[in-house]
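In this document, chain identifiers A, B, C, D, E and F correspond to the written order of the chains, with residue numbering beginning at 1 in each.
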Amino acid sequence: MFKRIAAFGEVMMRLEVPGYESLSQASTLNYSFSGTGVNVTSALAKFGYSTYLVSTLPKNAIGDAAISYIQKLGINPSFLRQDDNDLGMYFLENGFGARPSRVTYSNRSGSSFNRAEEESYCFDKIAKEIDIIHFCGITLAMNDNVRRQMKNFAIAVKKAGGTVVFDCNYRPTLWGEAGYEKAKPHYEEMLHLADIVMMNEKDAKFILGMETDKEDRADQLMELIPSISSKYNIPVIAGTHRSINRDNTHSLQGFIYKNQLFSFSKKITFPVLDRIGAGDAYTSGIIHGEINNFSSDKTVTFATTAAMLAHTVVGDTPIASENDIYRAMRETNSDVER
Amino acid sequence: MFKRIAAFGEVMMRLEVPGYESLSQASTLNYSFSGTGVNVTSALAKFGYSTYLVSTLPKNAIGDAAISYIQKLGINPSFLRQDDNDLGMYFLENGFGARPSRVTYSNRSGSSFNRAEEESYCFDKIAKEIDIIHFCGITLAMNDNVRRQMKNFAIAVKKAGGTVVFDCNYRPTLWGEAGYEKAKPHYEEMLHLADIVMMNEKDAKFILGMETDKEDRADQLMELIPSISSKYNIPVIAGTHRSINRDNTHSLQGFIYKNQLFSFSKKITFPVLDRIGAGDAYTSGIIHGEINNFSSDKTVTFATTAAMLAHTVVGDTPIASENDIYRAMRETNSDVER
Amino acid sequence: MFKRIAAFGEVMMRLEVPGYESLSQASTLNYSFSGTGVNVTSALAKFGYSTYLVSTLPKNAIGDAAISYIQKLGINPSFLRQDDNDLGMYFLENGFGARPSRVTYSNRSGSSFNRAEEESYCFDKIAKEIDIIHFCGITLAMNDNVRRQMKNFAIAVKKAGGTVVFDCNYRPTLWGEAGYEKAKPHYEEMLHLADIVMMNEKDAKFILGMETDKEDRADQLMELIPSISSKYNIPVIAGTHRSINRDNTHSLQGFIYKNQLFSFSKKITFPVLDRIGAGDAYTSGIIHGEINNFSSDKTVTFATTAAMLAHTVVGDTPIASENDIYRAMRETNSDVER
Amino acid sequence: MFKRIAAFGEVMMRLEVPGYESLSQASTLNYSFSGTGVNVTSALAKFGYSTYLVSTLPKNAIGDAAISYIQKLGINPSFLRQDDNDLGMYFLENGFGARPSRVTYSNRSGSSFNRAEEESYCFDKIAKEIDIIHFCGITLAMNDNVRRQMKNFAIAVKKAGGTVVFDCNYRPTLWGEAGYEKAKPHYEEMLHLADIVMMNEKDAKFILGMETDKEDRADQLMELIPSISSKYNIPVIAGTHRSINRDNTHSLQGFIYKNQLFSFSKKITFPVLDRIGAGDAYTSGIIHGEINNFSSDKTVTFATTAAMLAHTVVGDTPIASENDIYRAMRETNSDVER
Amino acid sequence: MFKRIAAFGEVMMRLEVPGYESLSQASTLNYSFSGTGVNVTSALAKFGYSTYLVSTLPKNAIGDAAISYIQKLGINPSFLRQDDNDLGMYFLENGFGARPSRVTYSNRSGSSFNRAEEESYCFDKIAKEIDIIHFCGITLAMNDNVRRQMKNFAIAVKKAGGTVVFDCNYRPTLWGEAGYEKAKPHYEEMLHLADIVMMNEKDAKFILGMETDKEDRADQLMELIPSISSKYNIPVIAGTHRSINRDNTHSLQGFIYKNQLFSFSKKITFPVLDRIGAGDAYTSGIIHGEINNFSSDKTVTFATTAAMLAHTVVGDTPIASENDIYRAMRETNSDVER
Amino acid sequence: MFKRIAAFGEVMMRLEVPGYESLSQASTLNYSFSGTGVNVTSALAKFGYSTYLVSTLPKNAIGDAAISYIQKLGINPSFLRQDDNDLGMYFLENGFGARPSRVTYSNRSGSSFNRAEEESYCFDKIAKEIDIIHFCGITLAMNDNVRRQMKNFAIAVKKAGGTVVFDCNYRPTLWGEAGYEKAKPHYEEMLHLADIVMMNEKDAKFILGMETDKEDRADQLMELIPSISSKYNIPVIAGTHRSINRDNTHSLQGFIYKNQLFSFSKKITFPVLDRIGAGDAYTSGIIHGEINNFSSDKTVTFATTAAMLAHTVVGDTPIASENDIYRAMRETNSDVER
């Protein structure tokens, strides 16, 4: 079913040290442009939807390069603005074995997106041209101005009859000290506006301050998610449990809660090439399943497989087609395709 | 024992996306030149034989580059022709984990090799200057003209007292619909002419249409191969069973059937760097064993180890020396050699 | 003034040996996707127009990569089809001094574009959604089927009230022996349909077989172009004279003939980084001038400057913005911009 | 004569697109760390002095990489602080011919250096351990806090008996509107404190607002510099005149004014590989000449040759040894050195 | 506790074939500079010590490059000499799976370090400016002249009250035939001079010719090390047991023997990126523990963890900070750090 | 006319810093294998001759890589030996403008070639299988052993009826102090044995100590070469005069002296990409002209053009075909070849 899907959020420049060297050892960087919104809309474009990014980029060579890159991903650039001079950046040094990957952010607070004036976007107009809007908790952490834009945009989409997707995506370093307290009211506003929410029991406990006497993660999840769904009136809640194994593989199990029922994917284990952005592939799978009225079982398996494939791809941004995901749902190990 | 060994077949340009990016993500390619004939004769050159390739390459910069590359591998270029403008190509995107490697062929049917006129080669003359000739089923799939060249060449070598090696190497996409039926008569002609045949029970079942009520691959093999050997009068038949494991290692077991007796290598399991061309390393090991009258046990272990090492090498073409293979037969894991 | 501009033509994969090595020396290639249509619509997209490419690309990883690349350039992919398996390719080895650059074509006649069936495109529908269509003589050289498509498309655009641009762009190797004779009737058909034609006196003499007793190129031009304009009823004819200097700089002078009057740019001389595609930048400048009713003098200077800048850019495809061109019209040598 | 020489100023990360691609076309960057202070102290370290940088770098992987790089240049890191998270950056796209090189700054105002608190450095202590300190007008443009640090440091060095070098280096984009008016009082303070000043007649006219009715640059220089020297009591003033030629070579003529006398170098013309940082090589040559009591003629020739060589080197930072400069003073064109 | 630590030994140029190609396949090399002394002092510089290298490098572009590289690592270059023209080199081809990594030495015997005259260094003067000196058995294998320098230096340091560290590091190919007999007297001299010795039971058995009737490595170790400690009067002896596992992981267990007591680390198992130089990281950990009077348990765990991390880093030279090692002691597998 | 041509001499590893960085700045090297003998026989192989190299290479991965590379160039490896461990190397840093290219030799005296025992080669046997042998003065500078080998080989070839080519190629740094005196007797022996000699008037004056009162190079040449030809009984003497121009172009004029007559090429001027090895291209042109009995005028023009083209090619080794040279003799500047 054809849909027009947009995301609101910051575009960042990813500057990756090639191979396994550190920033002190190397002298070249690979760069690309990503962000939660970029990743989700790019993944959905690969499934055949018309997708848009609503954001502000710098009005210089860096912003131009970001737009070229976003177009290459198949995202429609019509709702992108260019203003001011700075783009948020992050440097990525790839870890190996017991040496973890390391991300160093630079220049985030002063970015064009975070300093765009409140009236910069015509949310009412955009809301009429899209069916689904995606927001995430990273954007919510930025500043008051951006938070107001985000909520106004959500309200505009609801008014126009669209669907609001909200990914909780809490990042402790962005909220700083006493972050959960600061964050809670904003998260609650977004939860009230959202139709599909990406979260798990940790968000319930830490952000919303909910309590449980269960010890096991799965038990906590099954206790807390239904009350959130009912309290904030959220039709669909989905998320994952990830564990990192001793042999450097990761394991992932997806869940979806809908119509008072949980569905879980199998727990799958796989080697990891590039972990960043895999959660956004999961979100794209949930949205695709919901648009097409997949059964919850199929949706959660599709989304978990999309997430797994996103770990096998260079860069933050998922590139799997619907067919690639179906094949990976069928097969586990394969010889060369020729 | 010194021998002159040639192969007849197409040279292809391999265009590989470096690392794990897709063709849509990257902007550079690594190129080299390969093909079953290139791989087998290159591997045998490393063992000290004089080796030749009998083929047609384009008469332009691409063909010149292919010849330089073939010379670098130590193959004698005397029997290479240059004519016409096109070389078959394949693009390789490396997979990771559940994302399979992907090969995209380009420009195959119109290649200089496939369009060379029937009288292009002096097979009688060449047959007198070589001891062993290698053919494969990929060449057999090309077109009538190439098939006729191949059979005439085999007949010329037999007449001159040489040895004919034939690798069944059936590729479904090349034969298209009802491929097995189309292929069978041509395969049968080649089997009648061959002294050493590379195949396994799948070729027997699918190409030759043989039936068996055994279920296990090994049982099928032990039933079918002896009847083929006797029906087509083939002194030596050899091949492998490959399985792909959940942790992305492969397992390989080689066999040889000779003098009514089977010999099997141990099943060995190993990580894989570059899977393409490993079967050709196996063939080179069988040929080397037969030339030197190794015991069947030694031949099959040597060939299987050669195949394993070929999986650890960049590119299609095996580079192991005889000593490298003997060392790998003795040791499994080794520290730095210095 | 806003316009929707399309081009009809083949997309090719450019495979460039980096630096100054030959294909025999190197082992990596830089790849991109280009073609006259790609270059012209990309250049016009940088000026702010909505641009489209009407073409057929292979339905595989190569075609997908071409589409990503075309989107990156800012061209709308809506009118691109994917079918069949082959893309025309060319290998580029960069020359130095007295050693010329060398282009080796591969796989051209069998490309998806050249084998697309006549009914593949909905020209009537597309004609209604565009204002200007661009064709070139390279496409005209392909085969009867493509030629028919091209003429039908031109007729459809005329019927819908659009403007037809035709770049003569005669390539001797594509037409083969007695090429001018074969080409002439097809060129005449296109000239009758065209509103803006890119050509110079050589096309008049060789393709159209016109005669002149003038010796000087400029004199021949001023004699022949007006008769063509009147014979084929072409409102605007434009083109360039190029000369290559001993110090490896090139000199370029543009002309435009309109309303019975010639305008010439100054002859400008400049160093060359990448010569391929510069003619397409000139075309884009002429189209931009005509859309905006520039004076002929301004149009021809703008177009010649656009062509000069295209020589200073990596790859076939122009990337200059309107502002970049205006600045280069004002200044000749500049220090770092910061 | 051995000296300990320090510079106070910002370290920046240089992110250069390799070759001649734009940031929109490429996908990799070469990075290094530079800045006026880095360049001057690195050049002087190559002449055998102990050199230091007094600056603040981020306390993260980016800052660590900058320190490694500065150490590699032979600069002593003892007076470097690490604090906060941001480093000023600039992206460099190399021009070709009429397409100018383009520098895009990012993240400058929020850098660790520019946000370091006033009391961050122990200027009195450092002043006792050095003989010469170098400042530049770029640092002066940053903010009030940095300006105060700079002036306090200059005063401390004077008190400790050291020499103050000040490079006027006015950057219009950093001072913004009405920049000359804002800048003048700060420049005047620094001129009163300085022993060696790098400037030319443009600085006199624009920053200090001096007037002259001469038209020729050289005449203006010879009128204005002596009055500045006497008004601000500056023993040595030196600088260059640069012109950019049609064939993309640059011409440079250096001057020095000392003891009421001008000395000029010959005007030299040369091809340019990397123009950034060449002015800092000139400064290093003047400092070296003054330390060693070269004649003014020798000093100005040495400095101009050092500047020329800095144009032939990759990156911002000069790498020529004293011997390299003497040889280039003797010879103009040379064959391979072996 | 602050210490000044030096190492005496050869610097080598490491020329690594990138990726997994062989020297016959590739056409580029990555180069860096290393050696046991470089690795140990670089690792200790990362822990905050002032470190020095005492060595001789060629007086040409290769020597200059080595010094830049050593400075980049944070090692003080004051005690480096430049003389003569040659630097020892080694080429590294990375193995994969059953194909071992291969090191090919070049130009070792004629290196500037190995040909430096006996009186080249002022050992007495240097001994007064350092607290700890590190030697290794590789240097001991070079030639008589170098051996004499090494022993004189050790004596000078003892006289000045410093600590002598000696790493046995026996390399069979350097000592040649009957190597153990040749080596023994030199090793014994060094053991008598040393305060901290790196070795294990193999050195005891093969170099010192000690006998044991234990079969197990651990039992042999526990029998032999105490007698060495007492015979040569060595306060601290430390070392490791390494095993290479079938899945290409390595296992490492460290020990320290001090005050008549053994302490052992846990045996840890980990994947390996670059094995060369990991032993030097272990040494640096032991030295750090001894300087700071860590308990033996803490020292041996710290050193073993440092060695493990050195396997995860590109190049021979450890780059982990003290904090990196403490974190790896706490955690085993971690997600991205951001 | 078909000929078998060999060269006797050292193969060196060329390690080039990519682009214009210095060895201190960069971290990667491009490597290839060259030497006068490699260059001459490779150039002649491109003209269609069977060519051989007679040399000794190390018996390790470095020697294997050299052989692969030599085969790639089309040179027959049958007369190559592998022994010992070292290969001569040189590092190349590319200059720019006034900064000259710099070559740093490493490991030359201890190379496998220079240490090969006198009886290593079967010169009598080889002499029978070749028609022409090439020697050069670089080999003559090595050591007594190599000199004896060279003379014995020359004598063997003369005895077998072959042609001896000798390139004087005097390298001052190799002969050291009082080099001309040491060299003269060895050069005289070779001149007596040679049929074709490459030299100019400088060799006559400096090596042979001949005197002239002419001042102009051309006059000196015309006086001295004929007496050498007559004194040593040399049928053909050829060489070049090179000058380096202010704009970094080089000028070259070739001469040949034969049958008491001089022929000169035009003096040609051209830009330079890679100067090393161009003299060897000139030699190959002279040999080709002599084999085919070109007129002296044609020979000298062909050789000079071959030398010019060798300056436009990456690496030491010429790659031009006979056709490439003929085209460059006809044309000076050309557009893209397609």
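Convention: a contact is a pair of C-beta atoms (placed from the backbone, for glycine too) under 8 Å apart; a residue touches a chain by one contact, two chains touch by 3 or more.
By chain, with names taken from UniProt: A, B, C, D, E, F = 2-dehydro-3-deoxygluconokinase.
Note that the structure is predicted; figures quoted are calculated from it, not measured.
Annotation of subunit A and subunit F: jointly contacted by B, C, D, E, touch as defined at the top. Repeating the A-D interface with over half of its contact pairs identical by residue number, the matching pair from A-B, B-C or D-F is B-C. Chain centres computed from CA atoms place D at the largest separation from subunit B. Distance between chain centres (mean CA atoms), subunit B to subunit E: 46 Å. In whole angstrom, the spacing between the mean C-alpha positions of subunit D and subunit E is 42.
Multi-chain contact residues, meaning those touching two or more other chains, occur in subunit B at positions 22, 24, 27, 68-69, 102, 105.
Residues 19-22, 24-25, 90, 95-103, 105, 171, 173, 242, 244-246, 248, 275-276 of subunit A are the ones that touch subunit E when the two sit in their complex. Residues of subunit F touching subunit C in their complex: 270-273, 308-309, 311-315, 319-320, 324, 328, 331-338. The touching residues of subunit A, counted against subunit C in their complex, run 68-69, 71-74. Interface of subunit E with subunit F (complex): residues 15, 18, 22-24, 27-32, 60-62, 64-65, 68, 85-87, 89, 91, 93, 102, 104-107, 109-110.
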